[in-house]
Amino acid sequence: MNGNPLLEIEDLFTVYNTEIGVVKAINGISLQLREGMTLGLVGETGAGKTTTALSIMRLLPEKTGKVIKGAIKFEGKNLLDLDEFEMEKIRGKEISMIFQDPLSSLNPIMTVADQIEEVLMIHQSDKKKKSYNFLQNSQLFLRSNTKIERKTDEILELVGISSDRKREFPHQFSGGMKQRVSIAMALICNPKLIIADEPTTALDVTIQAQVIEIMEKLKQQLNTAMILITHDLGIVASICDEIAIMYAGEIIEFGTVEDIFDRNKKHHPYTQGLFDSIPRLDDDKPRLKPIRGLMPDPTDLPASCKFHPRCDFCMDICTKQNPLPLKEQMHMIRCHLYSGSKEL
Amino acid sequence: MSKKLYDGLESKEINRIKKKSQVQFVLSHLFKNRLAVAGILFLSIMIISSIAIGFLVDYKVIVKHDLRNKLLGVSARYWFGTDGFGRNLFYRIIYGARISLMIGFVSVAGSTVLGGTIGSIAGYYGGKLDIIIMRFIDIQMAIPSTLFAICIVSVLGTGITNLLLAIMIADIPQFALIFRSSVMSVKNSEFVEAARSNGCSTYRIIFRHILPNCMGPIIVQATLNLGGVILTAASLSFIGLGVMPPTPEWGVILTEGQEYMRDFPTLVIFPGLAIMLTVLACNFIGDGLRDALDPKLK
Amino acid sequence: MYKYILKRLLLMIPVLIGISFVIFLIMSFMPGNPARLLLGEKATPAAVEKLTEELGLNDPFFFRYYSYMKNVLQGNFGISYRTGMPVIYEIRARFPTTLKLAFFSIIIAIIVGIPIGILSAVKQYSFIDTLSTVLSMGFISVPPFWLGLLLIILFSLKLGWVPSYGSDSLKHFILPALTSSACSFATLLRMTRSTILEVIRQDYIKTAYAKGASKPRVIFIHTLRNALIPLITVIGINFGNMLGGSIITESVFGMSGLGNLLVLSIRSKDVPSVMASTLLLATLFGIVNLIVDLAYAFIDPRIKFHYR
Amino acid sequence: MNMRRFVFAVCLMLFLFSTAFSLQSVYATAKDNTLIIAHYGDTPNFDTHNNINDNGMRINTILYDPLVRMDNETYEIYPCIAESWSVSEDGTEYLFKIKKGVKFSDGTEMKLSDVVFSMQRGMESPKAVPSFARVIKAEGIGDDTLKLTLDGPYPEFLFALALPTAGIVSEKAVKDKGEDFSMDPVTTGPYMLVDWRIGERVLFKANPNYHMGEAPIKNVEYRVITDPNAAVISLEAGDIDAYVGVPPSSFKRINKSPTLELHTGLSFGFTFIQLNMARSPFDNPLVRQAIAHAIDKEEILYGIFEGDGEIVDTFALPTYLGFTDEVEKYPFDLEKSQQLIEEANLSEKTEISILLYTAKMSKLSQVLQDSLADIGIDVKINQVERSAFNDAKQRGDFDIICDGNTFTAPTVDESIYTVVRTGEYFNDNGYSNPDVDQWLDEARVTVNDNDRAELYKKVLVQLSKDLPMIPITWNKANIATNKNLLGVTANPWSFYNVYDFYWQE
């Protein structure tokens, strides 16, 4: 157990108010992340992983997305209580984020260097001024800041991009390179926490490995905590310390890598299903076993266990009552299967 | 699965069901749009009242001068007052809706059909034919359409029919372009390939497969153009190159009123309002249709 | 890049030739004898016949077109049938008015349309947004000549703030510029709103927020510049429309511009004037389109590559 | 980097904007003592012999001096460049004594040769027809006499010479300047050209060498205001001092205004309806009479012309030589009209249309259309452009024409000869009456006024019976001015000699 808690999420509820109805994206999740640790957030599309990330960053779509309950404490401060101006100082500097699709997450009409330097410039001027003057820190006026340029070159070298190319535009880079730029952008201010939202999904498998490697390396070097959102269990296994498995806006299982990947331990049926749907060489089962059915409609979630319509072990109680979390040290499961026993 | 569902149904029947549901979908979206509903309501009122006035009031009353009663203000008998000839402005404006809307509908329909034919041919056959047609369209697009319409009217002479023709011709390229790009985008899609491999004739492919699939943008464009055409018609009449007095066309009423504008501004304000509200209604409907047909654009 | 500009300019030539042909053809169907127009109604038939022969009006159509184009290529746009003076005199005098009017209008449209569009996009679904949507729809639907008349009634007749007529001082341009900017302001507003909404949804805007950029910074540095690309097209198209729309605006406000000249010339079958002003407008239109395309290259680095 | 490019793009655009504005600098006019007269259009050039544009002729009136000028109210011809004149017995030879010591605007002396040259130049120019149509020879006699020979007697000749198409030019300047002369003329007129902004304004200053003394108003600006309603607004606002041809709908407003004055007078022209006698049903005199009875001239004059004009029953005013009140009159009487139509027994219903080109005639035709509908004739209104109108008229391709005319001199010959004489150029409606032809021709060669008057009377009476055209109103000319501008009277041609104007002290 190294370090103090960096990020604590307590009983978070997030909803989207859409035309179709109220989408309950996150339904009471609690998490803890300590300094330097890596948390893997695993789940299907629509499980609320990205919403969790956006809730932390407070970047939920302005009109629709809303945190209705709970707290997100970063270094003891509740992020939800901060005003927009204070939040801006945290974004990019204390907490930064890497997005899923490097093709679209870089501004097509700014050079790579401009985009990386922008982070530095925004946060450099933070200290000096409180004013909202946005033009003051645009590139026009801070062009020849050698310190910033040096730092940019450094970070680009670090992610493996030659600094000669920094005046090029995103469309001149390949997908993997772009993701490296995103990583550089996320890391340039030495943030305490990085949220990586499926950073490798859009990339080729070979490139994926490279990117993961770089992230791993940098994390070690900079001792940054990270939340890695993915549905790729392989990646989780290789770099995460702890894993949270999400389903329909709830964390249904949490534990260290060892807890989750130990097939002999008890698992939530959904986790079980996830593992069963990955091909394994050491298994002699002839076929994959997919989880049947689809995610429930997020506007109309069952009040009881969200997974019960798809669960092979569904019992009477599952249709009536939402299970409470059961804990064994770090390992946590929410399932009626195990609710008979006090412990796992 | 779908085969099972539709088993026993004629293919026509299937089409009907599919079409109906699509139309229903679009309509239900359209009716949710308050502005579009307002537009539809206004336009319906205009159409109904302009038809009704033909039965209630003799056309002669609408165009006949009554110089003793000229330039009267708003009263119970003359809701909008009378014009420089002593004619009832309210009747004229309501009757004017007939002419403006008629010009609008007919000329939009005409340019849709003509532009559609040209554009579909260009888009479907491609190659040299396409290049030649496109050059012609380029040329016409480079001439401001008002100017083009003015030229045509001055050759053909004034009058409703000629005005209508002029506007129709000037609008053809727009529709040709839309049809062309729609046809080109649909032409290479898989279901057309499939139809072709099933041995459908070109005619059948264009009319049964391609055109129904690019109707959306065309309907939207046509509705939006309806407003534009009404505006152009009024503009041309306003500068004396369109419908001729005493026909109660809105642009004509405006020009006639312009002379008295200083002392009797209502003679200018009312016909202008009629034009604006009608065009606005068309634009609201067009916008609503666009949103309904393509919700992601919203 | 210069090569590209040259290529585009060369491509304009066939279009211009096509336009000249179409207009010449249409004008040749117009009733009326130019020689009689030139000489006036009291002229003797013999004099009219003589001039008709001199002007080559009895020649076959293609021959007339050929000789007209030959003269144009030598820089000779002919003698106006209406005034009896070289066409170029009048065009030279009138062109700046039209150009000024178009520039003023587009500037007004940009200054008013884009900021309101941004505001309306940023505050989507707010009261301001609804108001500006309805207003812009209204401005698109308003007949320009009517708007002009209303402005005259209000600002010149009732309030007496600005002159209603003429084109000699900047003051005279206020109402016409407002009138002809109404439609383009509205389209620009709507376009700004929708492109900004489109751009705001892009991932790189989320990235920018994640970097800690403030909202104004995100809007002005990241969103606006990306949204500018489609907006420039709209501005270009509107500029072209304004040149065409000047026909109406100028006749409402009695400005001595090209539009007014065109109406006058068409009405008096003044073929050389109509031809020259149409060609000028079309050329200008082409150049504006070229400038729009070049402006793309300045703003969007992705496009520049095609020029090389 | 790309920001710099963006800035560059913005600069480029700003540059383009600025060039657009610098193309033409806005210049201010000296308002003090400058008389600003507005007209509905611009002049094409400043060449007296090559300009028959209304507005051009208005300008050439003050730029050039003709041999003689005409008084606005009495129509009396008074001397200008010609001090005195005499006419030969047969009326074909005119001798003019040319004034001495007249100077051109460039300071050079005017010689007899310049006058002779001007006459010859006018004779050659197809556009100077209104003045020189009948002149066959111009020569100088001695050192101060000009002799003009005509192709026949022409009592209205002095009026023709008073038109601005017969100005005196400097021979040397015409020969030196060539085509540029029409832009930069050298003249003897009371004013000199200073500046011209095409389509907007022309500036003049008084000619200091003017032979009748320098004009009291030193600076004059002719401004173009195409919309007469806008012109009235400018008048009221004091932006302009005078406007020629105010629309009748503004008469009330101007008469009420404490600062403005309206001057009106009868012009040389009338409004009429012409029926195409070559076509059915107008070949039937009963139908023509029926139509004449269906026209309510009073309603037209007061209802739509706002009282601008005078109702007439024939083609002459009482002051004209040969005027008679014994013409056939057709009072407004729909019953009579209907009766005549029934009598005419129209077999088939033909499509009848009214051809016209001006807004004024459009109003007239709408009233006419309603009246004809009352007697059972449905007509269509066909408003076209002027060139198309002339074209159709010449080809005889019309049923009814609503039009107005203008002529040079106050005589019956001027008002109708070219319109009703068989074979004449403006006789487009197929009217032909050998008697009328004979009387008209005879009148032309008759020098004795009484005999001429008798002939004209016969013509007018016959025309009122034949009804090839129906006179409606006699037109009026008007000019609205600032009350401080004195010396203004309405000119029947609407050509104003600003030399007569002066400011109230």
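Think of it as A, B, C and D in the order they're written, each chain with its own count starting at 1.
As a convention for this text, contacts are C-beta pairs under 8 Å (C-beta built on N, C-alpha and C of every residue); 3 or more make two chains touch, one makes a residue touch a chain.
Please read all numbers here as calculations on a predicted model, not as lab measurements.
The chain pair with the larger count of C-beta pairs in contact, out of C-D and B-D, is C-D. Located most centrally within the structure is C, per distance between chain CA means and the overall CA mean. Mean C-alpha position of subunit A lies 88 Å from that of subunit D.
Once the centre of each chain is set as its mean CA position, subunit C and subunit D turn out to be 37 Å apart. Averaged C-alpha coordinates put the centre of subunit B at 45 Å from the centre of subunit D.
Centre-to-centre spacing of subunit A and subunit B amounts to 52 Å, using the average Cα coordinate of each chain.
Touching two or more other chains at once are residues 109-110, 138, 169 of subunit A.
Residue positions 30, 157, 225, 267, 269, 299, 301 of subunit C each touch two or more of the other chains. Of all residues in subunit D, those touching 2 or more other chains are 2, 233, 384-385, 388, listed in ascending order.
For subunit C in complex with subunit A, the touching residues are 124-125, 202-204, 206-217, 220-222, 225-226, 299-302. Interface residues of subunit D, counted against subunit B in their complex, comprise 229, 233, 247, 249, 253, 299, 302-304, 359, 362-363, 366-367, 369-370, 373, 381-385, 388. If you check the complex, the residues on subunit D that touch subunit C are 2, 5-6, 8-9, 13, 16-17, 20-21, 23-24, 26, 28, 42, 44-45, 50-53, 126-127, 129-130, 133, 182, 197-201, 223-227, 230-231, 233-234, 237, 239, 384-388, 390-392, 425.
Every residue of subunit B that touches subunit C in the complex is listed here, in rising order: 35, 135-136, 138-140, 142-147, 150-152, 154-155, 227, 231, 234-235, 238-239, 251, 254, 258, 261-262, 265, 268-269, 271-272, 275-277, 279-280, 282-284, 287, 297. Across the complex, subunit C meets subunit B through its residues 14-16, 18-19, 22-23, 26-27, 29-30, 134, 137-138, 140-146, 149-150, 152-153, 157, 194, 240-241, 243-245, 247-248, 251, 262-263, 266-267, 269, 274, 278, 281-282, 285-286.
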